[in-house]
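In the two complexes below, chain A is the common chain; its partner is chain B in one and chain C in the other.
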Partner chain A sequence: MVRKIFRSPVMLIMPSILAIGFVIIIPLIFSFYTSFTSYKLTRPDSLFNFVGLRNYERLIDNAKFWYAFGRTILFLAVVLNLELLFGLGIALLINKITWGQRTLRTIMMFPMMFSPILVGFQWKYIFNDNIGLLNNFLYLFGYESAIPWLIDKYLAMGSIMVAEIWANTSIFAILLLAGLLGIPRDPIEAARVDGCNSWQVFKNITLPFLMPFVFIALTIRSLDVGRAYDIVHIMTGGGPAMRTELLWTMIARIGYKDANMGFANAMSYVSIILSIAFTYYFFTKLVAARRDLGQQ
Partner chain B sequence: MKQIKKIGFWFLVLFLLILICLPGIWIFVSAFRPNPEILAKPANWIPDRWTLHQFTQMFSINGYVSVPAFKYLMNSVIISSVSTVIAITIGMMGGYAFARFNFKGKNKIFLSLMLARAVPGISLSLPLFILFAKVGIINTSFGVILVYVAMNVPFTIWLTDGFFRQIPKEMSEVARTDGCTRFQAFWNVELPLAGPGIGAAAIFAFLLSWNEYALASILTRTVHSKTLPIGMMDYLDEFTINWAGMCAIAVVMIIPALILTFIVQKHLVSGLTFGGVKG
Partner chain C sequence: MKLFKSILTVISVFSLSFSAFAVDKSFPNDKVAMWGDFSGITLDVKLIGGAPYDPLYEVMIPIWEEKTGGKVSILSKKSHFELDKEIKQDIAAGNISYCVVSNHTSFATQYGDIYRDLNGIVPGDFLAEFVPLVLEHSTVDGRLVQLPQHSDVSNLWYIKSIYEDADNKKRFKAEYGYDLAPPETLEQWKEQAIFWSDPPNFYGTQYVGKEEAITGRFYELVIAEGGALFDDEWRPTFNDEAGQRALQWFVDLYNAQAVPAGVLNYLWDETGLGFASGTVALNLDWGGWGAYFNSADSKIGGDVGLVRFPMGSGGKRGGWSGSHTYSILNGCPEENLEAAASLIWILTNHEAQMHEARGGKLPTMTRVWDDIAGEMNAEGNAFMSDLFSTFKASMAEDAFTPPLIPEWIPFSNIIFPELQAAIVGDKTVKEALDAAAKETDYLMQDAGYY
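Presenting the complex of A and B:
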């Protein structure tokens, strides 16, 4: 039996495909169907009440949805770019250290392993207007009025972004550092002999070599962007006055609190397409960057 | 000038370390302080009194239970370990197939597996909630394990594919010309060589299940199946938070994760990058 399985790749992959089929594909087909019904959790028979595209039409007309959508895109754009930038900076910094580099690398990995819900709670605690570490710290310097980090409509989003960046910068830093450590010395030395300055070396040799690593990090990261839900959920719950509402928290609110599953499913399809598009884009970039590197 | 540059450099490194470590350390310290001290205004920077109060309450040493953390811990351990073992077994077979065989649509299948993993938890939870309720496996460990297996498989494939590629094909070929079957060659030659990498993949899968919130918060309802991240929310009331209690349960959650990360760190990076670069 085992022998037969190991002779054919199809048999080897089958269990993976079955698991994913049962838990991800079939439920998604089901939710695709419900997005065309007026299904409400409180009225089970509404599952067969077919309404065509009405949920999607409602979505297009819904200003709150578009705000949440725009906010999600903005959130991802800011957070991913800063993470990449900080991660690159940290990797370059640690790459310069010769003594204690390994220890530093290990310490750097820790935020990566914090549960998003834990990251959210941790920063909720730090940003608390009354007892938070940050306000208490400012108090030391005579800044006595408590800043409402998570309650103010502008500061709340920024606070959440800080938490998200803290949690995920290390993925970029670790992977880019691995890339930096793997760069061959010869071309860099040759370039220096030819009179390149540090910036030229970085731009023309280091960066192209790092690109596959950048895309590995972005691909891995794009798999988990939805986990920002946990952080927002615990830090603000989408408040104040929906100023931090992202697609994911909106789905949870409409699906479970309002019990409006059909509408929530229509919305969740938008979020699924968004995530898949992100991953697909970075993955194809990764394949391309890999090919370029192979040709050189 | 060079001296100043050097001092500035180390200052930056120190600043970075504080930024990375301080939030965690603050949680850790708060877990052992009584609530009134945490709430003091102006802040009480150096803890006067240390206490295990939150931990003894959680683990009901005096017979009084605030939050049944021990039950949550057990649920977390069981759900995470079982789902990891299954996901690694299945994923390893897949990874081996991608590393050693050429077949039609290989890259497409690989990509679709990864894309399946990209579906956000909260979006997936809507249909799973309805389906699991219909099948009758909502609020059971079995249901959660099933979900985590599927979530962990794609990433395990990515990692193990990379590790199997690192092993020269010839080793398995030699074993097979000596009369081993493909499975024997896999079991006796390739698996031991890829062992540390597969261990890393296992720890990664374990941590993903250990830390997951969005799906578990919907699929688990009672103490019967709630995991630690969901149990943590017990400390969060509508208007008040038991800060010390929440910090304590956070410590219970983070310690196993940190230890596992420490064991795995070396292999994890090589697995991710090798699978990516030489693919």
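Presenting the complex of A and C:
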């Protein structure tokens, strides 16, 4: 048995197992354990104060948490759909260009190059009610009221969505453009010879070929958006009155500012359900799309 | 671009206000000197950073390095809210072996016993120079865990010319029935703010609208209205009538559009820059902005007045106060201790405090209050002279700290979203305060107060 363990294949993958163990598994086990304790960052001895399911029980009764949970789902749904729509549009347009496509592809990726913190500051300034670009632009056209973009019940969340979409639509565009460039020309040309119009070609040939790319992009971005923190933190900090509070701004505040890490970790583990659900859904769709194309 | 330009302006103004006054490296006015030969010692430090704080480090740390042979390695320099998070993570990770860290009287109680007692490390005759009450506020569980650099308390700044305008006086008297003068009560402040407002071009007043900033403002208004946040057993009482009156004041100003619409996202930079832009009539703020408000870089330079915090219906003024401080960590190696004490000495001594006071920051040494007032009088600088006499009176008569308990920041995180909910109309004042009181009750119970 011991000899088996030390056989070369096991030894060869051992560094990877150890790396994954140290980097992923041990922190996961540790944080999961702390979710059953009253662990406070400022009181290291509280790490051993086991409270059973108390944090999870309190979570079930915590309306603010469930509002944030719901808001995060809404945020995910709107942002992912709009990014997909805009990304697809941009990819289709760039795919049509025969001259300067490389330059445009590079320009398209500019927003991705900014750190989310910079994006947050940039949009915070644009949406500032007093000295912001947007309101001052509106004043030029005779609008006489300062719109509280980052305060209003609906506009605040919308403003953050705009920033998130601006920063990340190009991820969709790049992935979908890669898909478009890989589509074989024969079925498209055959469809045109058979008299299909552009919409029919797009709907029946281009889109089915693109669907695996769409679902890969959706999976990657759903994990990203589900963890949205930086942009929200900079633009509104989850406020005012928790109107833009998402799961991770709430968890970060409870974990780091209140130093209540045990409770924050319980929140994190419940929140992970959301990421797992989205990932599972998109992967199921990805497999179905590949099956439709006759791929494994 | 305008914001960026304003930020650059603030940075340059704060920097200029310091560089304009050269430091006498012999520190002739310091009765206690803590120089030493610290060659070969490198002190790891984490400091609060930003335009109001960096200039002191830029002046004093090179002098300290030159005179002692020691080196300062700044591991981290960020806003106090970010530094607070970092310290908490450091405690959790057991990474608290650096020597000197910026602290604040409102924050210090949270961190347990990670700091050294400065009694015995810092000479008694140096400690004797500080205002006793400020040292008392720097003490946690009987241990002096921090040495105060400067204090903060707020008073009401206003644009003088609009109060001197005859037409304004006439219109105001006709509308409100009393003579127009800077407000003496919270009610007058509200009425005048509404009178001045002409949104979106001009606002009557403003307030910091989120996080601990609005909690502190609410706290001082509760006191001014004759209430208290907690009773003697630490049960929440801020949802009583005094608390409701205090919150209603914020709500009324917001509903009357007497404050900018985005005020709930404002912190200190936004209110300071907003007042300096000339678009706000009345601004409650600390003295650290004073030199900038009245400078040529501000649109209201030369037109700035200052009065004490107006009184509430409880016959008291607001006076939420605290001090920016420095602490030495327990993890600082013994061999570096003398050097660490020397470093916080140079950042808090007479020379440093005079240096900061010239920009409007409030000293924590008794002697510096007199010396800075004397210097300003000798220069004929009536504005700065008035600034120090007003703030000196506030520090002596009105100032009070937030409850010096570890739960202050968690409490703040409970109450500030509820204050905001009332201000934007999501809840009534009573509903918001009751909800906050209920959660605070859990917090205090869990912390073992009752």
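Operating definition for what follows: the second predicted complex is superposed on the first by the 247 of 296 C-alpha atoms of A that agree within 3 Å, B and C clash if a C-alpha of one lies under 4 Å from a C-alpha of the other, contacts with A are read in each partner's own complex, and residues count from 1 in each chain.
Simple rule for what comes next: contacts are C-beta pairs under 8 Å (C-beta built on N, C-alpha and C of every residue); 3 or more make two chains touch, one makes a residue touch a chain.
Source: prediction; values computed, not measured.
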item: First, second, both or neither for A:C196, with chain B first and chain C second; value: neither
item: Broader residue contact with chain A after superposition on the shared chain, chain B or chain C; value: B
item: Touched partner set for A:G239, first chain B, second chain C, both or neither; value: second
item: Partner chain(s) touched by A:Y256 [first = chain B, second = chain C, both, neither]; value: both
item: Touching partner for A:V23 - first (chain B), second (chain C), both, neither; value: first
item: Touching partner for A:Y139 - first (chain B), second (chain C), both, neither; value: both
item: Partner chain(s) touched by A:S275 [first = chain B, second = chain C, both, neither]; value: first
item: Touched partner set for A:M211, first chain B, second chain C, both or neither; value: neither
item: Partner chain in contact with A:I131 - chain B first, chain C second, else both or neither; value: both
item: Which of chain B and chain C A:A264 touches, first, second, both or neither; value: first
item: Contact residues of chain A, present in both the chain B and the chain C interface; value: 41, 125, 130-131, 139, 256, 261
item: Interface residues, chain A side, partner chain B - complex; value: 2-3, 5-7, 9-10, 12-13, 15-17, 19-20, 22-28, 30-31, 34, 41, 90, 93, 96-97, 104-118, 121-123, 125-126, 130-131, 133, 136, 139, 166, 170, 174-175, 178-179, 182, 212-213, 215-216, 219-220, 222-223, 225-227, 229-230, 233-234, 248, 251-252, 255-256, 261, 264-265, 268-269, 271-272, 275-276, 278-280, 283, 286-287, 290, 293
item: Chain C to chain A touching residues, read off their complex; value: 2-3, 81, 84-85, 88-89, 91-92, 94, 110-112, 199-200, 209-211, 260-262, 264-265, 274, 277, 279, 406, 409-410, 413, 416-418, 420-421, 423-424, 426
item: Interface residues, chain B side, partner chain A - complex; value: 9, 12-13, 16-17, 19-24, 26-27, 30, 38-39, 41-43, 90-91, 93-94, 96-98, 100-101, 103, 107, 109, 111, 113-124, 126-128, 130-131, 146-147, 149-151, 153-155, 157, 181-183, 186, 207, 210-214, 218, 229, 232-233, 236, 243, 246-247, 250, 253-254, 257-258, 260-262, 265, 269-270, 272-273, 276-277, 279
item: In the complex, chain A residues that touch chain C; value: 41-44, 124-125, 128-131, 135, 139, 144-151, 153, 236-237, 239-243, 245, 253-254, 256-261
